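The following pair of complexes shares a single chain, chain A, combined with chain B in the former and chain C in the latter.
Moving on to the complex of A and B:
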C-alpha cells in the first residue's frame, strides 16, 4: 500500500479552522449535555432550578434497584438484538439477490434506497396506520379472528409493530453498504468457484459471505448502537411506550421521566447508565466479533 | 425565539429612549384545535382593544411540551411572562420559585368571585390564588340520545348502575361500543374519587404536607376500576384502542360509541360533530347509588405569571389577565369551546343575556353545578409532587390490568408503591421548602 503525502495543508491552522464548526457543534450538542447528565446524576435537581442537593451515588442506587429500569433495559436489549439482526439480515438477502443480476435487480437497487429519505417519525406514523387493527393490512385477520391483532392493547403486538418499522427503516443504508461490499468482490473469484464446481448457494456461503463480513460487521455495529436511540421517533409516534409500558424502551423512558415527569436527576442517571451500557456493548463487539473478521482480500 | 427576544430587546431599548412604545410580552399555551382558535381570537381581541401593549400568543402543541419548554426557558432566562399550565403541575409550580402568585401582583381584584371549587385547587393555605383559572373544565357525562332512544332507553342515566343497565341494553340492541373512556387518571381516578368523597392520598391529597402517601388502592375507587375491567370484558366498556376511531372522543363524536365520560372542554367539538345527525345530552358524571355526591375537581389549566421580567412587562401582562377575566371574554370562550366559566359574575351575565338555555352554554350551568356540590377536605384538589409522572405510572399499570396481564388490585398496589416513591423523592428534592 502506498500512503498519500501527509501534508496536504501547508497552513497548520487551516485544517483546524475547517474542522472547528463541526467540532463546536459536537461539543455543544453532545459533550456538554453528556457532562451535564453525569453531573446531574449526582444531584437531586429541581425542575426550575434553584437548589440542587448533592446526593452522591443515591440516584444510581435508586435507578439500579428499580425493576422498571431493568425491564426497560431488557426491552432495549431485545429490540437491539432482534431489530438489528433483522435490519442487517434482510438487506443482506436483498443485496445478494441484487448482486446476482437477476431480473429487476437493477431497478430494485434504486428503489430499495428510497426509504432512506423518510424520517423516523414519518415511518412511525405510516406504520401505525398500516398496522391499525381496524383499517390496516391486518384488519381482515381481525375480522376472521376477533381481537387477534391489536397493538393498542397487546404489548407483544406493539413490539412486533415497532420492530417491523425499525427494520424497514434500516434497509436502505445497510443495503447500500452490503451491496457495495458484494460488488467489490472480484468476479474472478466467482468464476474460479464455478470452475471448481461450486453452485450458486455454495458460492454465496463460501465466497461471498466471508468476503463481505467486514461490511456486515460495520452495519451490525452501527445498527446496534443506533437502534438504542433511533427507536425513539418510532416509539413516540406509534405507541408512546404503551400499552402498559410494553414498548417503553430505555431511551423513551428517559424522555418521559425527564420531560413529562420533571425527574431531571433520574433521567440524567439513566442517560449515564445507558451510555455506559452502549460503550460496553460496542467495545464487546469489537473485542469478540471484530477480531475474527479478516479485512485482507 | 431568538428573533422575538431580539424584538423584545429592541422594544425595551426604544422604550428606554423615551418614546411611548408598546410593551410586548409573550403568553404560552398548550391547546390545539378549536380551543387554540378561541385563545388566538382572544389574543387578537386584546391587541385590538388597546394600543398600549401587545401580547404574542405562542402555541406549544400540548400542556406537557409547554411545561418542558418553560422549564428550559426559565433556566436560561427566556421564559414568557404568562404561561398556561395544567392542573397536574400545580404543586410543581407552587414550589418552583419560578412564578409569582397572581393574587400578590393583582391584590385589588375581587378573587372571591371565583367559585370555591376553582379557588381551592389553585390557592395557598392562607387563601391566595397562585394562578388565574383560565380554561377550566370538569368531568361531565355525555350520551348520544338518539342511539339511547333507539335502544329503548328514554331516561339519561345518572348512576353507574343505570349506565351499565343502559350499556347492556345498547349491547343487546347491537351497539358495539356502549360506553367509552380512555382510562385516563384524571377521569377514572381523580374525578371519581373527588365526587365520591374518597381520598387519593393521605394528608388530604397532600394539602397538609409533602409527606403524603397514596391510598387510592384501598378505597372504593379500586372497586370501580375493577368493575371497569369486568365491564370491558363483558363488552360494555371500551378503551381508546378498542375503538376504530382510536380515541374516545373521536369515537363518541363519530357515533361509534353511545356514552362517554369526558371533559366539558370537548363539548363544542362533540356538539359540532353531532349537528344534524344525533342529539347530544350532557350531565354530571355518574355516581354509585350508595354514595353521596360531592364536587368534581376543576380541570383544564390556569395562567401563571413567571418571575424574571421587567415591571413594564408584568404591568402589561396584568392588563391581559384583567382582559381575560371580563365576563364577555369568558362567555365568548365558553361558547366557543365548552370550557366552564368559574366566576359567579359570569354565570350572572349568562343568565342576564337571555341565552342561558342556549346549547352553547350547555356545559356552563352543569359544570358549575358539578363543581359546586358539597365539598370535603379530599375534594379540594390534588397537591402531590411529580404528579404528572404519577399519572403516567397509573396509566401504565392499569393498562396492564385492562389487557389481562395483572389484576386491577395488583395494578393499583403497584401504582401506589411507585407513586409513593415519587412522593418521597419529591419531598427530598424540596427539602426545607414549606407548602405555601
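Moving on to the complex of A and C:
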C-alpha cells in the first residue's frame, strides 16, 4: 500500500536533507566496511597502515586451503543450526503454553522477557560460573564420576554450555513474537475446530502451529544471523575458542586473526567469506522454507 | 478458552514452570553467589541460599574496579544510540513514506539491507574505517585522479585524518547505522490514513509543520518502544565497544565485567565479586525492563511486522 499522489509532499531538497544523516552513517559504517572487506581480500595489507599489494585470489587460496578455516566454518554451521533451532523451538513450546491463559501465563510472560536485559557477555560470565567443573552445578556429579564434565577439556561439553547460554539469551525476543502470533489467531477458528470435533491437543497441531508459521519462519531467519554474532560474546567470555579450537566459531576466529594476529588480509578474506555464507543461508531459507509459508488467515 | 481441558492446562503449567526455572535459576544463583564470600565458594561450591556479603562484594566492585566509570560510558553509549536511532530513523522513514520521490524504493532496500549483516560480522573493516572516518574521501580523491592534480599543484596529495576510535562518538555511530528503526517507523506511518496528510495540507500545513505538529505526537509510543529497545541493545553491546575502546576508562561496563574473568584456567576466580559485578552491570537494563516492559514488548512485536 502506498499513498495516493495528492497525499504526498513534493519538495526537491528537504527529503534529501532529512534522510542524509542516516544515509551518511549507513554508507560510512555499513557499505564502506563491506566494500573494504571484499577489496582487501584481493590485497596483502600491512597491519594498520603501510602499503598494500594486489595479490589476486591468493588470499582466498590461502584461507580456503587452511583446514582450520573449514573446521571453524563447520562449527559455525553446527552452532547456527542447533542453537537457532532450539532458540525457536523452546520459546514456541513456551508460547503455546502461555497462550492457554492459565494463571501462570501472567508471571511467565513477565519473567521470560528478563534475559533481554542481560548482555551476552554477562550471560557468558554467569554460565561460565554455573558450569564451572569445580564449583558449579555439576561439581557434585564430577566428584562421583571424575572427568564426567569439564568444558575446559572436553570440546563437546564446551559446545553444550555455549548452546545453553545462547538459548537462554534468545528466549525473550522469540517468545514475544511467537506469542503475539498465537494471540492474533482468531478465536472463531478455535471454536470452529472444536465444533468439528478437534480436541485441544489436536487443535495445537492443526490450527495453531500452521497459523503461527509466518512468525516461526521470521524468528528462524533472524535467529540465524543473530546466532552468528551472539556467539562472539559467549565464546569470548566462556571458552576463548577452546579447548583446542573446539568452539572457535568463525566470528571469533576472525577477531583473533585480525586483532591478535594482525593478519588483516586473512581476516578480511574470512569476513568476506562469512558474509557470502550468511547471505546464501538467508536466501536459502527464503527459497526452501519461505515459499511453503501460507500467510492467508 | 473454548472448553475446559484440564490435562492440557496442567501440562502447560508444568512447561511454564520449567521455562521460568530455566530463566530464573541462573539469575537466582547469581544473586546468592554475590552474597557469599570467596572462601565460601571455594569450600562449598554453589551457594543455594543467600549470605550476608553482598554489600562487601558490591563495594569492592565500586572501589577496586573501573565499573562505575564504565557504567557511565555504557549509559552515554546506550542513551546516545537510542536517541540518535530514534531521531534519524524517524526522519528517514518520514521521507520514505510521505514524499513523492523516485528513489524511495532503492533507499529503503539499502537501509533494510543493514539488518542482514550485523556489525559483529564486519567488525574488522568497520574498525579500520573508524580509525579514519575520512578515508573514503581520500580514496575517492585517489580514484578520480584529483589527488594527482593536487599533488602536482601543491606538492602533496590530500590526506584527511579523523579517528573516532576511543571516543563516545565512535562507540555510538556504528550502532546507529542500522535499519530496524527506519523499518519500524515506516510500517507505522503506512497504517496512518492518507486523509491525514490531505487534511493537513488543506489547512495549510507544510511538510515540516506536518512532521512536527501531527506526526511527532502520533508517534510518541513508537518512540518509546524504539528507545527502550535500542537502549537495551546499546547497553548490552560487546564486540564493538571491546575493539573500539583502547583504554579501560573508555570501555563499557559489559566489557569491563568480562575483563574481571581471569584469562587462564586453574585457580577458581573470585566468583562472588564477579557475580556482584554482573548484578550491578545488569541492574540498569533490568530496572528499565521492569518499569517499561509494555514498551519493550511493543517494540519487539513492531520490529517484526
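As a convention for this text, the second predicted complex is superposed on the first by the 276 of 297 C-alpha atoms of A that agree within 3 Å, B and C clash if a C-alpha of one lies under 4 Å from a C-alpha of the other, contacts with A are read in each partner's own complex, and residues count from 1 in each chain.
Keep this in mind: a residue touches a chain if its C-beta (ideal position, glycine included) is under 8 Å from a C-beta of that chain, and two chains touch if they have at least 3 such contacts.
Computed from a predicted structure; not experimentally measured.
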item	value
Which superposed partner A:44 touches (first chain B, second chain C, both, neither)	first
Which of chain B and chain C A:26 touches, first, second, both or neither	second
Touching partner for A:152 - first (chain B), second (chain C), both, neither	both
Touched partner set for A:132, first chain B, second chain C, both or neither	both
Contacts of A:209 with chain B and chain C, given as first, second, both or neither	neither
Partner chain(s) touched by A:262 [first = chain B, second = chain C, both, neither]	first
Contacts of A:53 with chain B and chain C, given as first, second, both or neither	first
Partner with the higher number of touched chain A residues, chain C or chain B	C
Chain B versus chain C as contact partner of A:251, first or second or both or neither	second
Shared chain A contacts, counted only where both chain B and chain C touch the same residue	48, 132, 134-135, 152, 259
Residues of chain B that touch chain A when the two form their complex	64, 67-68, 71, 74-75, 92, 95-98, 239-242, 244, 246, 386, 388-389, 392, 395-397, 399-400, 402-403, 405, 418, 422, 425, 428-431, 433
For the chain A and chain B complex, residues of the former touching the latter	44-51, 53, 55, 62, 68, 132-135, 150-155, 241-245, 248, 256-257, 259-263, 265-266
Parts of chain A lying in touch with chain C, wherever the complex brings them together	1-11, 14-15, 18-19, 21-23, 25-34, 36-37, 40, 48, 90, 93-94, 96-98, 100-102, 104-105, 107-108, 110-130, 132, 134-137, 139-140, 152, 168, 171-173, 176-177, 180, 187, 190-191, 193-194, 199-201, 215, 218, 225-226, 228-229, 232-233, 236-237, 240, 251, 254-255, 258-259, 264, 267-268, 271, 274-275, 278-279, 282
Touching residues on chain C, where the partner in the complex is chain A	1-3, 5, 8-9, 11-13, 15-17, 19-20, 22-24, 26-27, 29-30, 33, 41-42, 45-46, 88-89, 91-92, 94-101, 107, 110-111, 113-131, 133, 136, 173-174, 176-177, 179, 182, 190, 194-195, 197-198, 206-208, 210, 232, 235-239, 242-243, 254-255, 257-258, 260-261, 263, 265, 268, 271, 274-275, 278, 281-282, 285-286, 288-289, 293, 296-297, 300-301, 304
